[in-house]
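Two complexes, one shared chain (chain A), two partners (chain B, chain C).
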Partner chain A sequence: MGLTVSELTDMIQAVGKVIEDNKAFLTELDSAIGDADHGINMAKGFHAVKEKLPTLADADAGTVLKTVGMTLVSTVGGASGPLYGTAFLRAGMKIGNKEELLAVDLDLGLVAALEGIKQRGRAEPGDKTIVDALQPAVMALKESLNAGKTATEALGAAVTAAEDGVEYTKGIIARKGRASYLGERSLGHQDPGATSTYLMLRTMQEFLARRT
Partner chain B sequence: MKKLINLPEQVVEDMLEGMVAAYPEYIRLVPELNIVVRKDAPMKGQVGLVSGGGSGHEPTHGGFVGKGMLTAACAGDVFTSPTPDQILAAIKEVDGGAGVLLVVKNYTGDIMNFEMAAELAEAEGIETASVVVNDDVAVEDSLYTQGRRGIAGTVFVHKIAGAKAQAGGTLDEVKEVAEKVIANVRSMGMALTPCIVPAAGKPTFTLAEDEIEIGMGIHGEPGTHREKIRTADEITEHLTKKVLEDLPFAEGDEVAVMINGLGATPLMELFVINKKVAKMLGERKISVVRTYVGEYMTSLEMAGASVTLLKLDQELKELLAAPADTPGFKQF
Partner chain C sequence: MVGLVIVSHSASLARGIKELASQMAPKVPMAAVGGTSDGRLGTDANLIKQAIEQLAHCNGVLVLMDLGSAVLSTETALEYMPLEIEDKVQLADGPVVEGAVAAAVESSLGKPLAAVKAAAEAAAALKKL
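Moving on to the complex of A and B:
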């Protein structure tokens, strides 16, 4: 896929815009089973990222991702800050000082992000969290790449898997985060974190598709 | 939404500046980072006590910074955990060489942010320890959930651990006594009306005119159930029984009581609640050593209250009785 650092930056900006556009929607989802701040906090974090990215024009891919991670950690707050922050930090650490990203880097980065989120949140699939969208997405991506698909196609499969994952969260009881206080009352509601993960992956996929 | 604010995004900064302007003899503000620090911190050789959490619970936490309680408090956005860099900065502000105890309420975000901050502090050579407060009996405690929430009982942890630190306790000793409080404190609350997060602009849930939520959390998280409004005595009896049965508190126990208003409950109603709590404890031959009635951990403009009981032994009794001088908690 050969994604340059400048394109990576544009892709992150596109993700930020989608989060901003979905601020009310994500907050609405969170008010049903959480504390009604997911969209607000994520939008605040990506707004800070937007301000920060232009200062990284000469940085490598790892530095860009790590800076996005630190910015999210220090601006989002709540649970989403450390979770998404850790995801970007770990992806950045894994990818390192590359100037151009290939499909394999996409795989490496997303696997590292998933592991970071699971570790930080002590969450497993079925807990009704980000993991329920991200883990199937990462697996679908890997499978598609192994089957010889392009990065765009593989990310397409990941997006479908993440969307199914979001749908799956409607049918399960939350075991992590504030939604866990609801017990069975969390049934029927989709997880806001899984939803924002799906939106991010979809935006990344659309960005790659537009490019090719 | 009708609120006395300027901009929703600015409400926490505005509040903190106002708080520090009111109490310059107690606290100072670390600009940009929304940290309230005891004016004379760091105290050399004394364990620092850092707490924090989302804003909207005032006087928690900034109001409890001062002699005999917290050394610093990190204010997050409304109902949102403070961030690791912010907590790290607070740890550095209060580190007097004897280590820093972090008092965390049991919420996913708070736990993760304080944990990241503790890792960063460790990397910088500052010794920290953490305790997690989970006094809310309304929430089922289970391995498969986040577990119980930290609510008004946290104020007793601040008070008693603060007294221990003030008396020169080591980090281990301060942590141990904080854990003793956590093991012996139980709370439960209820709400008459919801609250409105300024940035959201509308209530996070709605209650019918004659409906109340039993077991409501301090961020408007759902409780155990909704029911029709009943008399104060009936509601208080339900909450207090749940609290009593949980520990359980038993005949001959000595306790501290806190009747906490959630923001929009008249003191009149809090005293009505306390009358019933005192009667129930008397009937059970549980003796009340101290009672605190007022607003300690609020939930913006929510109407409602919580009942907290803390079982005391000799050590806790002495530390609870020790002087404290902070903007929101004074005892001489």
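Moving on to the complex of A and C:
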């Protein structure tokens, strides 16, 4: 795959744009089972990221990812801030001072991101959170790479798994986050955080597909 | 004395809890932190980190939090704190209002961090009726 730092930066900007485009949608989902701010929170965070990225033109991949994480942690405002912030930070720490990312880095980075989110939020699959989209996605990615698929193909499998994960959250009761206060009334609604995870992965996949 | 940091989604709620707890223990160092830097309801790991650092001179710091991201942001703040400060900080797993009052009283009596934390957490079991 050979993703340069400048392409990584463009990919993160593309993710930010999709978050901005889905601000109302994500907020609407959060209004059903939360405090109606997920899209607003995420858009705030990625707006700050957009301003920050141009200052990192000469940085390595790990520094870019860590800076995105630090920025999200201090600008998002909701639970998704420390969660996605920790995800980017851990991915950056794992990947380190590379100038070019390969498929294996995508795998390492996403595994580190998932572990960071699970540790920070103490959520497991079935709690109706980000984890319900991200964990199956990470597993699908790994499986595809092991089967010899390209990074773009493997990320495609991850996107499908994340989409199924979002669908799965409709049928379960929230045990973490704001939605857990609703108990059974959280049934029938898809989780906003799982949805933003799906959108981010899909954007990454589309970005890779465009350049190959 | 042990310093107290009150973390809430709302800046006015954090300030109000601090005010309430200070009334019974005016000498206890306290910091209130709430909301985002652009004035929304929410939490900001950076602001929490600064509030804890303000009290780093104390004989330990206890952080009392409201819900959800208040806890996640506080834990994130600790991760980026110099180790010598992080070692002095504990998080209270108790109700933020009653816990802050109980902790303030305990701290004003010159009790160590572990006792102040225990007082805040015991507030979860206090019966009102």
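Quick notes on this one:
Just so we're on the same page, the second predicted complex is superposed on the first by the 212 of 212 C-alpha atoms of A that agree within 3 Å, B and C clash if a C-alpha of one lies under 4 Å from a C-alpha of the other, contacts with A are read in each partner's own complex, and residues count from 1 in each chain.
Please note the rule applied: a residue touches a chain if its C-beta (ideal position, glycine included) is under 8 Å from a C-beta of that chain, and two chains touch if they have at least 3 such contacts.
Values in this document were obtained by computation on a predicted structure and should not be read as measured data.
After superposition onto chain A, the partners chain B and chain C occupy overlapping space and clash. With both structures placed on the common chain, the touch criterion links A:182 to chain B but leaves chain C unconnected.
Once the two complexes are overlaid on the shared chain, A:31 sits against chain B while remaining clear of chain C.
In the superposition on chain A, contact of A:120 is made with both chain B and chain C. When both complexes are overlaid on chain A, the residue A:74 reaches chain B and chain C alike.
Which of chain B and chain C touches more residues of chain A is settled by the count: it is B.
In the superposition on chain A, A:6 makes contact with neither chain B nor chain C. By the document's definition of touching, neither partner reaches A:97: not chain B, not chain C. Once the two structures sit on top of each other via chain A, chain C runs into chain B at 171-179, and not at any other stretch of 171-179, 207-215, 225-233 or 261-269. Residues 35, 37, 40-41, 44, 73-79, 81-83, 86, 120-121, 177-178 of chain A are contacted both by chain B in one complex and by chain C in the other. Residues of chain A touching chain B in their complex: 27, 31, 35-37, 40-41, 44, 73-83, 86, 120-121, 175-178, 180-183, 185. Residues 35, 37, 40-41, 44, 70, 73-79, 81-83, 85-86, 120-121, 177-178 of chain A are the ones that touch chain C when the two sit in their complex.
Across the interface of their complex, chain A is touched by residues 36-38, 40-47, 67-69, 72-73, 75-76, 80 of chain C. If you check the complex, the residues on chain B that touch chain A are 54, 76-86, 107-109, 112-113, 115-116, 139-140, 144-146, 149, 197, 199-200, 204-205, 217, 219-222.
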